[in-house]
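We call the chains A, B, C, D, E and F, going by the order they appear; numbering starts again at 1 in every chain.
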Amino acid sequence: MVQTHLKKRVEIVLEAPALRRLIDRLDAAAVTGYTVVPVLAGRGHEGSWRGEGLAGDAGRMVMVVCITDPAKVDAVLETAYAVVSRQIGIVTVSDVQVIRAEHF
Amino acid sequence: MSFLDLAAQNLVSPMVLFFALGLAAALARSDLAVPEAVAKTLALYLMLAIGFKGGAEVAASGLSARMGAVTLAGVALSFLIPVLGYAYLRAASRLPAADAAAVSAHYGSISIVTFVAATETVRGQGLGFEGYLVAVAALMETPAILSALYLARRSGDVPAGEGMGALLREVGLNASVVMLVGSFLIGWATGPKGLAMIAPFIIDPFRGVLCLFLLDMGLVAGRGMREGARHLKPPVLAFGLGMPLVSAALATLAIWPMGLSVGGAALFITLAASASYIAVPAAMRLALPQARPAIYLTLSLGVTFPFNLALGIPLYLALAARVGT
Amino acid sequence: MSFLDLAAQNLVSPMVLFFALGLAAALARSDLAVPEAVAKTLALYLMLAIGFKGGAEVAASGLSARMGAVTLAGVALSFLIPVLGYAYLRAASRLPAADAAAVSAHYGSISIVTFVAATETVRGQGLGFEGYLVAVAALMETPAILSALYLARRSGDVPAGEGMGALLREVGLNASVVMLVGSFLIGWATGPKGLAMIAPFIIDPFRGVLCLFLLDMGLVAGRGMREGARHLKPPVLAFGLGMPLVSAALATLAIWPMGLSVGGAALFITLAASASYIAVPAAMRLALPQARPAIYLTLSLGVTFPFNLALGIPLYLALAARVGT
Amino acid sequence: MVQTHLKKRVEIVLEAPALRRLIDRLDAAAVTGYTVVPVLAGRGHEGSWRGEGLAGDAGRMVMVVCITDPAKVDAVLETAYAVVSRQIGIVTVSDVQVIRAEHF
Amino acid sequence: MVQTHLKKRVEIVLEAPALRRLIDRLDAAAVTGYTVVPVLAGRGHEGSWRGEGLAGDAGRMVMVVCITDPAKVDAVLETAYAVVSRQIGIVTVSDVQVIRAEHF
Amino acid sequence: MSFLDLAAQNLVSPMVLFFALGLAAALARSDLAVPEAVAKTLALYLMLAIGFKGGAEVAASGLSARMGAVTLAGVALSFLIPVLGYAYLRAASRLPAADAAAVSAHYGSISIVTFVAATETVRGQGLGFEGYLVAVAALMETPAILSALYLARRSGDVPAGEGMGALLREVGLNASVVMLVGSFLIGWATGPKGLAMIAPFIIDPFRGVLCLFLLDMGLVAGRGMREGARHLKPPVLAFGLGMPLVSAALATLAIWPMGLSVGGAALFITLAASASYIAVPAAMRLALPQARPAIYLTLSLGVTFPFNLALGIPLYLALAARVGT
């Protein structure tokens, strides 16, 4: 059986204009990496939205996935939350297993 | 030509009708939509084309002493309009400081598509205009953001947030400013010869592309209306229709002495009367995140833009006929 | 001009060759692909252009009494063709009711790109056509869906599913109908003057854009063939090639007395013979989810569309030369 | 350590033409929000597909992510399943932690 | 309460040029399906990248999600890892619940 | 015309200036960006247009005996250049075998946008060129990959990896080759008549679209510089500027006896001097995954492409003026 290691998967949905700000903070927080996924539409407390047809960034969301070590997850969460709490967005965390522990 | 004739003519132009089509489709919940990647690119195209043409025109006509005065007037209006808007909104509506500041920032800044649509109306009347107005447009984008932030922070109920410097860089280098100024400079550098090289791309199909983009804006505006209407209380709605007129009046007075061409005056007035819906909303999400986009986006795109497109532009042209030379 | 000459000419037109290129590339598993956002936009462009031109033509030529009759004939065919198709498929193939109904719905409805390609062939022969045929095309999109649903439900083995009302709204307001009808009305309202304004966008580059879109359709059709071929049993395959001919024959008879122009007759016959692959498939996923897209998409896009593009259109034009005036 | 709360992450992959139907149902089911993510290609029991080049919605999929309270997850699943079981698509559920419990 | 079954969710972020290779292997590995999600940007050990403006596939990533049975997860992981270990990318695994056990 | 005049003229062409705008915007971290779907499509468009025009030109001018010789020379250079590049990189820099091989593969292959930009410079001088050079360009894309792989494997420190066959199929059928060759064949088959049909799409707006694409390339190149600069040690940087000159010299000698037109010679030299940044990088990720894209992408797109665009092309044209007829 493949030997795996426990990591944390932080998933952030954030309004697009604040993405760079979040990423700069994540870089500062020394995460080993992240992945930005596009989002087409959504609904939340701030109401529903769709990206179609928008020429600008306001009113659009993106999703950022960050795999991190359990030891660092609090730092990542605080970083993420510092940005998200002022903006439109959400943060979730879940457990994941990885093969190359040292990679994250 | 009288305002009524202009308005009548304008209302049956393909541009306005495609916007109306988009609006109707969105309100009827049709699934018609322009992909985001294409909407972004259409906006880039319009800015590239209008910027380049403006620059090439300047290369041909040369710089006039007038240019400085007009630019100054534009920048001053961009600073001033938010102050008036903010005062009104705080007095007449119960909008919190952040919302009032964010909304008024949009009206001090400009909408490049409204500007572009106006250039077509101007051309439609066989009029020309000063090419440097494109540069004026670019310069009017940001000052409004600064005064709005100043107002918001003075009000006290808005935390300081990020450093102003970072924000200024982000705003000053936002895509539309860079695209507009960059294309303007390239048009200026390469002049009529450069224009001739790419005219089949930026001039011939320009109107048609504009129609497609206006269809898209109609779709987005309609969606915004459906979503955001409930956020717009009467005094705010009144602002969306009244503020453009106030700004237009100010702009008319401001350039009266300057002897702009009739077409140029119409465009300058349009700039003052138009409300941003691309650059400023993004900036507000960073600078005043507590302000509600449902309010400022709906007002700027769902109320003021259609008003300017359908009635404002002809009106501003009629005004310009009085003060232009 | 004889069918053979027309076919020979047609087979070496850039449009057909770019479709063939796409087909070949997909079958060879090349990674050549047109991004989805662009494919969607090319389709919007074609509908905008063809709709607008049709409307402008009507504005110029005015309404003819004939228009009503032709429209009626078109709608009737859209209702009728699925009945024939369904009867054949149930008898000749072992397709379940849902699949048979879904497939036949595609053939009662129309393919706007086939129509557009036919307009180019018609123009290529120096022929004109009645602009209102664009409106007829739009009106022929939906009736077929209704009769197919009726057949499917009557068969008993298909659950009632969603309310008809909701479905009708979704179908009636689908992007292609709105775009086609909307552009037609705008073209009508603004007439030749409006057309002149945006001609460099919707007329000059039209053929080239069509080539790019046909390249894309070839890529998608080729992919579909690779994936879906195994789902097409001989009787179903035969349907994909035979049904267009039956529909074409019916259409020819239907408009014989109506005195359409040769070009107009060719387009009308093409509409009847073409099979939808955008609007109807989406509607079927909602109305008859148990029907297998692998069957109806592969048949409509992978079999009937190439057949119509390569051989059908010249044939329909040859037919039209007999009945048109 | 950052205090988090258990929620459920419902991930739905559904054919695009049925998206609006699903979303209307989710709205009715009183979920606090959802996020729609684009999908490029995939394979399942109905065979493989690719979105590239498609001018229409048929034959394309989208992914819908819905974070919901464990107490509501059954309702959400039944809603989602009512749509997905008739269409092409799948539904999965997993545990996630969030910071703002009241947000979901 | 809705009856669900435990499955594994394998999430792979891989550079785009190697996608077809991965998918061919997954097909060979007899997974019941997968979903490919676009990625806008990211950062990892190989540095940060953005898809915007790229005319080619090199330097872009995609995300592949594969829901599989716990009994098959090792085979899937080995398959995925055989490709990813030679390329730029990461692999993570997590637990998910599904309604239709037989579907995966 | 002297090199200096050509260079001066070239540096103020809209194409070069839009590239510079993109470069500047990216280095200043502006958020200006062209969506990926659009960038991909612009590349397809350029290949469709240049391929089709080349084919139509061949249809008009017919095949010349010369064509075979020129093609051979091109393919030979594509095989040879990586050998020289690899030898230099292994000797002068401390790059591992895989990196050295991957980098040199890019320089043996070609950049179609550099070629396209050169055709505009050539046209700008009122010169024509042999249409079949488009086919030569397509044929020069892959050989370099083969010799680079050979070199890498011979070096021993690179595992065999995937089967060569699979790789060859993937490379041989990559989008740009298929698009270029396919459009060339269609242009050839339909000739000037076909060209006339789609000229308003592939000729008139061509230059403008090229400007937009160069803006995008500037943005990507600038981003690459910011990211990748630190990976480029001086000897590697020198390679990015020197190798094009070496290749240009070789190409000049190779075609001297062949009596190509001046324009044709300039394009042939440009092909040899240009470095791939679309097809080869993707192939290298599969064939030599251990080679670092940060090195070869940054070098090809961030160093060699700007150099060729700004100075190389005028230089190659000046060279061609000596050897062309």
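Simple rule for what comes next: a contact is a pair of C-beta atoms (placed from the backbone, for glycine too) under 8 Å apart; a residue touches a chain by one contact, two chains touch by 3 or more.
Keep in mind that this is a model prediction, so the values were computed, not measured.
Trainee: Name, by label, each chain that touches both members of the pair chain B and chain F.
Mentor: Touches both chain B and chain F: C.
Trainee: Along the shortest chain of touching chains, how many steps lie between chain D and chain F?
Mentor: So the least number of steps between the two chains is 2.
Trainee: Of the other chains, whose C-alpha centre is the longest way from the centre of chain D?
Mentor: F
Trainee: Which chain has its C-alpha centre farthest away from the C-alpha centre of chain B?
Mentor: Most remote chain from chain B, centroid-wise, comes out as E.
Trainee: Can you check how far apart chain C and chain D are, centre to centre, with Cα atoms defining each centre and the answer in Å?
Mentor: From the centre of chain C to the centre of chain D is 34 Å.
Trainee: Provide the C-alpha centroid distance between chain A and chain D, rounded to the nearest whole angstrom.
Mentor: Each chain reduced to its C-alpha mean, chain A and chain D end up 18 Å apart.
Trainee: How big is the gap, in whole Å, between where the Cα atoms of chain C centre and where those of chain F centre?
Mentor: 41
Trainee: Hey, what residues on chain E touch two or more of the other chains?
Mentor: Residue numbers touching two or more other chains: 20, 37-38, 57, 94-95.
Trainee: Could you list which residues of chain C touch at least two other chains?
Mentor: Each of 31, 33-38, 40, 170, 204-205 in chain C touches at least two other chains.
Trainee: Provide the full list of chain pairs in touch.
Mentor: A-B, A-D, A-E, B-C, B-F, C-D, C-F, D-E, E-F
Trainee: Under the touch definition given earlier, write down the residues of chain E that touch chain D in their complex.
Mentor: Chain E reaches chain D through residues 1-2, 4, 7, 9, 23, 27, 32-38, 62, 67, 94-100, 103-104.
Trainee: Looking at the complex, which residues from chain B come into contact with chain A?
Mentor: Residues in contact with chain A: 33-36, 39-40, 42-43, 161-162, 170, 213, 216-217, 219-220, 223, 227-228, 277-279, 281-286, 289-290, 292-294, 297.
Trainee: Can you list the chain C residues touching chain F in their complex?
Mentor: Within the complex, chain C contacts chain F at residues 12-14, 17-18, 21, 24-25, 28-38, 204-209, 211-212, 215.
Trainee: Mind listing the chain A positions that touch chain B in their complex?
Mentor: 15, 17-18, 20-21, 46-60, 86-88
Trainee: Please give the residue numbers of chain A that touch chain D in the complex, ascending.
Mentor: These residues of chain A touch chain D: 11, 13, 37-45, 61, 63, 74, 77-78, 81, 90-95.
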